[in-house]
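Next up: the structures, one after another.
Shared chain: chain A. Partners: chain B in the first complex, chain C in the second.
Let's turn to the complex of A and B:
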């Protein structure tokens, strides 16, 4: 593989991590979020600041970054998650714009110039570059998938599924709506924070516009395309939406148009996503490999 | 029978100018089946929503084992032992029938941080859920998505879910409506068994034959007010009740 494809794959792996986080919120707990890029940005800025201004290594900063992003998720989720559906959607869009503005206008975050000089990641004394950086992203993606899977197998995950389907009934069965929505939100935003840290150290320069509303929409498209609420859906979605623009380079100007077309076709023909319940791909797998309940 | 489990003390619920429940008091004893009847719009379901914590009373108080419960949210009421079904069925549609029951089995787990991260799909929880599904007679549908069931079976599922909470008080909101005759007798038998285990049952029912047959006592509501209270045979011949159902003048013809 050449450097070019490795870079593309690294971006895809990072976006898959963030999309997996969004899937926990939207797919498992059924809470719409159109501001997920904000938490990706919070992760990136936290890691950038901790490693440049506080002088920590990436490895020391990473747990803190996850903690910070999750905590901000908790604080922002607490008022927002009391709202439902379209109101929640609008509120999360608002969160995205506010966070982006804070990065853009507060001098501490570098303002319009962004933050530069972010150190690369070193592992056992060597700088992680190219394929090694990709491996790190893949390991962390694996970790995120493991945690997602574990979550769906836990009572907390079941409580989230119940809330997604019928909040009143779930509540009368002992599920506290706010507690489990918040849990999913914190888990999802913490995953976004992890992705953000990787992004900051891959780019080594970040600015507010990297984490704008269009990215939130792209992340949501990945989840919907791959299969909302499935384990591997966000990964497949990130892969397809990451590879397509590279394959169709000449059509780069029509990128948003193509994305919209793909989404509309999906909603019309495979509403549950490529890996969702009753989809063409899942049918194919089940015929080949017996029954599966992923 | 004198052990009072649930007590409504002058409870009112107003929605703007509408007095959905107006100054209603009644008691439910341990191991009693109490029927809540009345014409449409009498405030029966509002009463259920007040007891199960969906609404807070505008005034008055509700006591469970003599402890006031006003203002506690539904998930707290569930852990205090109030299990309910819904008049408009509310299945977790994409989850299978057995998974629906397992949600309710998790009641004791959702409160703790560690217990809520334990795995839910265990042999033990599945077995417990299957036992309940057998009791209501839909064990053969265990792995069907619950949204695909016909209404009658969804009502049975609602009952299984409520029973999975191992409640002290079971609130049944028109669980028998839309069911066939043999389904009604199966579930009636089950409700009697549940009562014999010491669980109190409060049921809303429009089918008078079922309501009269099952209940030890009946409470009649009309326009949010308590109209009558007593044994089924007394309620049957109460002129005020007949009037509420059939209109003024009907009581003279009915007797």
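Let's turn to the complex of A and C:
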């Protein structure tokens, strides 16, 4: 593989990590979030600030970044998750716009100039570049998938599923809606934070517009395309939406139109996604009676 | 003082335009419970069709009805082909569908109309007025006159006519309205016709006011007006107008007088979050 395809794959792996986080919120807990790019951005900015201004290494900063992003997710999720679905959708859009404008207008975050000079990641004394950076992203993606899988098998995951299907019934059985929705929200935003940290150290320069609302839509498209609430769905979605523009490079002018058309056709004719319940691909791979999650 | 009054007049004009767009969203939300993001693309289409017909014919009297007709058809098409089949899914499914329609239409405008800003060289048939040194431009006068007329007509249709009654009944309970002999699917389509035609008028007014028509002119209203219907109370028409006017004035004065390091476009969302914390049903929302 040449450097170019490795870079593309690294981006796809990072976006897959973030999309998996969104899948925990939207797929497992059934809470719409259209502001996920904000948490990706919070992760990227905290890692950038911790390594450039506080002088930490990437490895020392990473747990802090995950903690910071998760806590901000907790604080922003607490009022938001009390809202009904439509309100929640609009509120998360609002959170995305506000976070982006805070990055853009507060001098501490570099303002319109962005943040530069972010150090690259070193591992055992060598700088991680090219394929090695990709391996790191893949290892972390594996970790995220493992956590997602554990979550779906855990009591908390089952509680989230119950809330997603029928909130009133679940809460009358003693499942606290706000507690488990928040848990899923914090888990999902923490994963976005981790993706953000990787992104910051890959690009080594970040600016507010990298984390705008259009990215939130793209992340949502990945989850919808792959299959909402499936384990591998977001990864497949990230792979397809990441590779398609490369395949259709001659059609660069129509790229956004193509993305939007795919999203529209998908949601119109197969809203459960490629790997979702009752989809074509799933029927192909699944043996009779098999019921695994993804 | 003179500057303040001019700012205020600009703000009210901004608010009037917001209210023309937001009303369509509030109508659709009231009847289908869908956040109609693609409405902003319909509004952009209105500006483009208006400009196209105006360039061909040189007459605004032809351009406005043409744009209204095209937008009404576009609105009904979105309703028939995207929203109606998706109604049985959870609300975020039609919402994502709507966003996809919006993005796709924005791209179509860019490809067909070009990625640049087109000017809208319409000469209004009257001149501006000056009262005690306060200049009111013809564009602002026309925004006031047209919005007031549109709001009156909409108010009349919704509260005094059979169609309005059917719309209100359908929005309260579609099934019961159906058993009372109301053709729900026709009523829903008529709601889209009304909302989209009004959006076309808003598109043309904005095009003339700023002398600009461009593919992404709907991007900011698309999401800002969602915040506005939340602030006004989801589905409440007077609430939508009130919230739009307050935001228009608030934004203009904020830019003019306060030195707050936030862009004007996030003000709507900050106001929305404040309103949700203090009055979750919105300014004029019931229940």
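Here, the second predicted complex is superposed on the first by the 286 of 294 C-alpha atoms of A that agree within 3 Å, B and C clash if a C-alpha of one lies under 4 Å from a C-alpha of the other, contacts with A are read in each partner's own complex, and residues count from 1 in each chain.
Just so it is clear, contacts are C-beta pairs under 8 Å (C-beta built on N, C-alpha and C of every residue); 3 or more make two chains touch, one makes a residue touch a chain.
Everything numeric in this text was worked out from a predicted model, so none of it was measured.
In this superposed model built on chain A, chain B and chain C occupy separate space and fit side by side. By the document's definition of touching, of the two partners only chain B reaches A:175; chain C does not.
Applying the stated contact rule after C-alpha superposition, one finds that A:166 touches chain B and leaves chain C untouched. Taking chain A as the reference, the larger set of touched residues comes from C, when chain B and chain C are compared.
Seen from the CA centre of chain A, chain B and chain C lie at an angle of 80° in the overlaid model, rounded to the nearest 10. Contacts of A:158 after superposition on the shared chain: chain B is touched, whereas chain C is not.
Of the two partner chains placed by superposition, A:184 touches none, neither chain B nor chain C. Superposing the two structures on chain A brings chain B to within 9 Å of chain C, judged by their nearest Cα atoms. Chain B contributes residues 52-54, 73-75, 77-79, 83-84, 86, 90-95, 99, 102-104, 106-111, 115-121, 161, 165 to its touches with chain A in the complex.
Every residue of chain A that touches chain B in the complex is listed here, in rising order: 153-159, 161-162, 165-166, 168-177, 179-180, 277.
Interface residues of chain C, counted against chain A in their complex, comprise 29, 33, 35, 81-82, 85-86, 89-93, 95-97, 99-101, 103-104, 106-108, 111, 223, 226-227, 230, 234, 261-263, 265-266, 268-270, 272-273, 276-277, 280.
Against chain C, in their complex, chain A makes its touches with residues 26, 30, 32, 79, 83, 85-87, 89-91, 93-95, 97-98, 101-102, 104-106, 213, 217, 220-221, 224, 253-254, 256-257, 259-261, 263-264, 267-268, 271.
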